[in-house]
Amino acid sequence: MQLVSIKIGFVFLLVSLGLFAPLVLMAGKAKTVRLFAISLVVGSNIVGCFVASQCFWRESGAVIDLSRFTLFPFALGIDRLSALFLLVICTVAVPVSIFALSYFEKHYDDQRRRWVWAFFSLFLLSMVIVVTASTGFAFLIGWELMTLLSAGLILIEGDSAERGHNVFIYLLMMHAGAAAVIAGFFLFLPYSPGLDFVSMRTASGALPTGIRTLIFVLAFLGFGTKAGIIPLHIWLPRAHPIAPSPVSALMSGVMLKTAVYGFARFAFDLLGGGPWWCGYAVLSVGAVSALLGILYAIAENDLKRLLAYSSVENIGIIFMGLGTSLIFLAHHAPVWAGLALAGALLHVFNHALFKSLLFLGAGAISSATHTVNLEELGGLQRRMPFTGATLLVACCSIAGLPLFNGFVSEWLIFRSFLGGAVLMNTRAPIVLLLMVGVLALIGGLAAACFVKVFGVAFLGRPRSEAAEHAEESPFAMRTGLGLLAAACLWIGIAPGFFLRPLVSLVQVLVPGAGVPQETLSIARVIPWTAAIILGVTIIVALLKRRERVVRTWACGLPGLTSRMQYTSTVFSKPIRFVFSSVYKPDRKIERLPEDQPYFPVNVTYHSVRTTSYEKTIYRPFVEMILSWAHQLRRLQTGNIQVYLLYIFLAIVSLLAVLRFQP
Amino acid sequence: MGLVEIATGKVLTSFSVFLFLTVLLLVVARRISTCIVLFSAQSAIIAAEVFATGFQERLAEAYVVGALVLVIKVAVIPRAFFGLANRLKTSHDVKASTTPTQSVFIAAAMIYLSYAAVHSYGQSVHVPEDALAAAVALILTGSFLMVSRNKALMQMLGLLVLENGIFLAALTTTFGMPLIIEIGVFFDILIGLLLMGIFTFRIRDTFDHLDVSKLRRLRG
Amino acid sequence: MILLTPLLILLAGAFVVLGFRNPRASTRAALFVGGLEIASLAVVIWNVHERGSLQVGHYMRADGLSSFFLLNIAFISGLVLVYASGYLRHVGEGRFSSPRWFYALVFMFLFTMISVCLSANLGLLWIMMEGTTLASALLVGFYNTEGAVEAGWKYLIVCTVGIAFALFGTIVLYLAAVKAGMNPGAALDWVSLMNAVPRIGLDPHLVKLAFVFVIVGYGTKIGFVPMHSWLPDAHAEAPTPISALLSAVLLNCAMYSVMRYDAIVSHAAGPAFPHTLLLIFGVMSMVVAGLLILVQRNLKRMMAYSSVEHMGIIAIGLGLGGPLGLFGALLHTFNHSVAKSLLFFSAGNVRHNFGTLRMDHISGMSRTMPQTSAALVVGGLAIVGLPPFSLFTSEFAILSGAFTQAHYFVATVFLIILSVVFGGFAYHFLRLLTGESSPTPVSSKLIPSEYTSMGIAGLCLIFFGMRIPHAFSVLLREAMTVLQ
Amino acid sequence: MKFAINLAQALILILGAPLVRGIIARCKAFLQRRQGASIWRPYSDLAKLFRKEDLVPSTASGVFRVVPCVLFGTTICVATFVPLVQPSALLGSRGDFFLLVYLLALGRFFLSLAGFDGGSAFGGMGASREALVSSLAEAPFLLSLVAVAVLSSHADIAGIAAWTLGQNIFNISAVHILAFTSLAMVVIAETGRMPVDNPTTHLELTMIHEGMVLEYSGPSLAFIEWASAVKLHAMLALLIALFGPWGMATSASVGAISVALLLYSAKVALLIVLLAVIESGVAKLRMYLVPDFLGVASAVSALAVIFTTLVKR
């Protein structure tokens, strides 16, 4: 009975996202029709939430097999892992679409709005397909569609030349990654009868080591490209900022997670752990991505680019967790492997929540002030208090502070690092224990980064006219933001509710992982901490009574202006100074007028990062390929006699081969 | 034994020598008209060979084929070529990109090559070796003419020589293919030449020269 | 007799169309003839499906494989005729270059191609292949511009020379057959060859020799690297409908003849040799064409090179053999022709509106010609093999074949080149679609003929990407049984 | 009983904090040949501030108002994690020291925001410097804790304290020394003492903590000051619990407790003197030398961790 209901709900989700909503949108021009379609999208996602939580909390999967209709086996199924990621998608999709309701109304004319909603719904569908696919064919279709539809959504926003170029880089990287993924799938073929996950899982035992390693590496590279690990991340800060905010929320919050899903599916479910060194590789790549990601993020002034880079950081943290889990797996310590995996997967969910919240917040800011450049914001907290409050929650969560969800997952990962101590007399403990320091550094930098974000954007004095006259965002937007913020707080304060099913998922993925006590201990202590802090805070707040509003103290001078505040650039200056080897900044200071340097009227300061992966890695590679192409081009001399010569040479050489062939 | 038998015998033993002669002359020839004459001579030799074979093997359709060769390749095509050359009013120089001496050496090399090639396959196919060699030599020469002569007309001629070679090969290895096919092939060649004629006019009209090595607008 | 009807209709049609001096009238006549044509082809296909194979005399024969290619011809020629009916509205009256001549030549062209698929005799096959060159040469040079004439001449000469080698190959095979003791009459009839091969062993050495000449000869027509030189010129300079016909039908017909020979040779001398050759040519074509796509400046030239690349893909499918490889190859011939004709149609509109095909002179199309850009996007996505379009499935099949047989090198090259090609197309198309719109086009709206043909092609692409209709897959199976 | 003691020691930690401050000030005064204020001075300061009214800058938003409360709350919560007279604490579980470190971070996060909310130049400056120091200080902080944790194979502060209690005071390993050094350096940075920050100056070139709280006054300022005092005290207590817990009460008997209490105050006094000496002895570092200071701390703590893995093997 329950199974049936789940199946029905799942079908409803697929059909309404894939068929009804787009058709209705394309069909009717009227506002009511559009609203109906949108409510269909929201409703189906709510249904999806129920389906996913059913399958996540109490193991009960649903399978939809369409192989009769398709050329190659195409089946969708929900097991616990899929359920988690389906939950991620639907949970984020609901508030995002509610937010988008008023965002798209505001930003697009009628026709474009219809298109954007249609693509939006299809984009959601493609992601659902990816995480529920149970055959390679289905997975790859969803995978490619996901890329294409997101690119389409970016291009609906506008079609300037440099936007086109960014989309090009996005698509190219994605396609290269997809090629790696495809190879990863197909390498199973000689050993498994088909590309459905069941037979792949059974075949994985028979794989020779070389192939096994190859598959693992390909999966890591392919999914890593999608996830945006450094140095495969170059598309990410280009593509995410230029998408419309709800879409970038989905891309950063959810789409990246599908890559994590793919990697988890391959590394843990299908392969059941890779060679001994793979864990270290994943861990170190993750650490590098996280550290560099957050450092680049701090240096950014464009809010959405900053958020994109912080996505790189969080993906790095997730991969650190996965890598740790793989290390423990390789050393046969399943309990700790389970803990690390739980941390990584929980961080997937948390990052989905607060990153989409942040991007939606950026959207709210941009629709209130028409800019996301931190240098032009400020003082928004008094003008849009609710948005500010939700964003404050998001900033605390992403900085990994206690009482917010980010902390719980980072704590689990910390804890699993500490667990490395059980692997004495291997090479693991030093690496893992020192990783505690690395993760701590990352956490500290993240905190600094988001102090900057919230402090500069929302506090102090407005730095521009637009920020001066900003107004609180409309109801729909506030609803979306509020829901996400509530979710962040909930997991942050009462993680136990979510941790239990997660633990049982981990037990599926990592055979022999008992219930790690740590997960329960954190679940026990966090609520108490919360109680104490909130209690004290409230008491104190009640104690403080009288207050008088005065001008900010200006050293006795006549009044401060917004120009005198610390800007985003200056805030990050000390950190940029300390880590200047990462940025290799190219600083420029111009004093105007030129002739009297000691009494400048106007001083401008530029500092640009000169380290660029495009220049150092990608450009030379592309140049090489293009130069080959040009060489070949020269062979196509317009001279017909040369062409004839080619034919004769082909004949002669083949004859020679034939003659001297054994 | 009658005179005819002797003649056929002579033809069958000696025609390949004549063919090699034509080949050598073709590659050194400076004027298009010479080449045309040589071509028709070559075709005549082949026709004779066809008749001889037909007589020897008592093949009725061989005579038909021979007649076709005689009519089309010895008479019609050369005449058409002369007509074309006059209508186009181009210089009679073949515009060779190799000097006569080089050409002779290359041709000699190719004759040797053809013998080598035939020798390798010859024993598997039980046919008069020099005949097959001559055929291959014709193919190679045709290719050489097409590659090294810049005049459109010469390319057509080279194509014909090449085709002659293929025809000869077919003839010597298997006594010609089924008649219909042979006829179809001839038909194709005629149409092809016709079209090439049309194109030479178009080239002349659009570029006012016939030097195909200068047709290099489309490249890359 | 059923077999002859399409041919007769075409011959008659050619002369009838020549009769109409008035462009509009000739167009209508042409459409009518085309309709009849397609109908008769459908009858043929149906009968083949019913009886397994049809034979007329010694020289005409149709079986599963030919009917599969006939279907291809029928579909594409229909699209092309519809598109051309609108496309030729600006062509004036000139010697050999007027609508009526256009249609007459197109019909002759179709005549030759159909008879390629219908001929039971390898000699006749050769004659008809040469005929395709002759019939299409004037069409390639249709515009009579410098480029057209040059392209036409190169097309004519290069293809004739190549085909000549194919003739030599045919003769060698004939020789081998005769030597093995078949009677000369049947020695070129490839059905009797196929049947005879197991009984009388052909000399494998000669057979291989024959295959070398044949694959180079017909490979010239297919556009295998390095014999592909004529292809970009011809495709770029010919009128758009002809480019579509060339790349969507002609190449397939040439591929068809190679398939026939491949089957025979595999029977006679084992599949190893011909399949290796096919793989080599396939990989070479893919690599060279894939790289050249990156540096093209002319839209249609780029598409021509992509045709070369796709022929390479099909060749790889054939070379891999096996159910998956063959299936993928055959399916890919069809999918590729649909996608490529759609692309060429949109290229034709681009040329109409901007008067040029230089991609660096065009930008911001998405705003000025939305429908055409939509078609370009669909065709482009399809041609680079992305879902949900049909080429994804066929390439998926070929790749699975490659991996199942553990041809890792081929598979790797395949994947890499697909990425390179994707990069090329994405780069060029995004440059075309985005950015400042270039000077206002003549007419941005599509006329009915255009959007019918393009719409049908696009829908077909998507539909075949979703699922393959039963009838079609039946035909496919029959074609495969012929080859195995 | 146990619970009561835990509660008691938390209260001691909180209420005794200003006294610690007073004593430090007094010692410094002594070392600088000044006759300083009474050691009870901080209490009277707090009382005075509580009686005043809050002055809130015009640009300030709600954040500015809630920050003192949150800061105080988190600091109190931190205090409940630290064992004082017996090896157990009010709150605490496996891996609680991660929680402790991040609770401090939480308070700091809000304080930095408050610095921005004033809308003056100083607040931002303080926040930015605080961001630098804290982000660099977290790594050595956790690493040194991890070192002792691994050494004692306990993952909670109380457990570590209990284990250390069981060891002989004379065979403490090199790990202890390294970890202690780095943790002490971190404590100095965390609590904004010399040579990282000068708590007594308001010179804009040097101030970090004071820059952020510049706009505060009245009760808010009182809570902030108190919170920072508690933080300092908790840090000292943490040092003691981890590295010198000997003398803690293992049984809940009155005698043991009182002994433990005395010993504890002695240890605190020792640390205070040490701190005072350092503060009067060294000059404040230049802003951009602070990273090096913390770099040294990180290196030392990393060494400690590496040694641990060797020792345990």
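Just so it is clear, A, B, C and D label the chains in written order, and each chain counts residues from 1 on its own.
Here is the rule we use: a contact is a pair of C-beta atoms (placed from the backbone, for glycine too) under 8 Å apart; a residue touches a chain by one contact, two chains touch by 3 or more.
Treat the numbers as computed from the prediction; the structure is a model and nothing was measured.
With steps allowed only between chains in touch, the distance from chain A over to chain C comes to 1. Here the largest set of C-beta contact pairs joins the chains A-D. Core chain by CA centroid proximity to the global CA centroid: A. Placing every chain at the mean of its C-alpha atoms, the farthest one from chain A is found to be B.
Centre to centre, using the average C-alpha position, chain C and chain D are separated by 79 Å.
For the pair chain B and chain C, the distance between C-alpha centroids works out to 32 Å.
We define each chain's centre as the mean of its Cα atoms; on that basis chain A and chain B are separated by 71 Å. Chain D has its Cα centroid 36 Å from the Cα centroid of chain A.
Counting partners per residue, chain B has 143, 146, 155, 212, 215, 217-218, 220 as the residues that reach two or more other chains.
Residues of chain C in contact with two or more other chains: 150, 153-154, 157, 161, 209, 232, 292, 295. Counting only residues that touch two or more partner chains, chain A has 633, 636, 638, 640, 644, 655.
Chain contact topology: the protein chains form a pattern that is neither a line, a ring, a star nor a complete graph. Contacts between chains, counted with the stated touch criterion, involve the pairs A-B, A-C, A-D, B-C. Across the interface of their complex, chain D is touched by residues 379, 381-382, 385, 388-389, 392, 396, 399-403, 407, 411, 414-415, 418, 421, 424-425, 429-430, 433-434, 436-438, 440-441, 443-445, 447-448, 451-452, 454-456, 458-461, 517-518, 521-522, 524-526, 528-529, 532-538, 540-541, 543-544, 546-554, 560, 562, 564-566, 570-575, 577-578 of chain A. Listing the residues of chain B that touch chain C in their complex gives 121, 124-125, 139, 143, 146, 152, 155, 159, 162-163, 166, 169-170, 173-174, 177-178, 180-181, 184-185, 187-188, 191-192, 195-196, 198-199, 202-203, 206-207, 212, 215, 217-218, 220. The touching residues of chain B, when paired with chain A in their complex, are 97, 117, 120, 143, 146-148, 150, 155, 212-213, 215-220. Considering their complex, residues 150, 153-154, 157-158, 161-162, 165, 208-209, 212-213, 216, 220, 226-227, 229-230, 232, 277, 288, 291-292, 294-295, 363-364, 366-367, 381, 386-388, 392-393, 396-397, 399-400, 402-406, 411-412, 415-416, 418-420, 422-423, 426-427, 430-431, 433-436, 466-468 of chain C touch chain A. Chain A meets chain C in the complex at residues 69-72, 137, 140-141, 144-145, 148, 155, 159-161, 163-165, 167-168, 171-172, 175-176, 179, 182-183, 186-187, 189-190, 195, 625-626, 628-630, 632-633, 635-636, 638, 640, 642-644, 646-647, 649-651, 654-655, 658.
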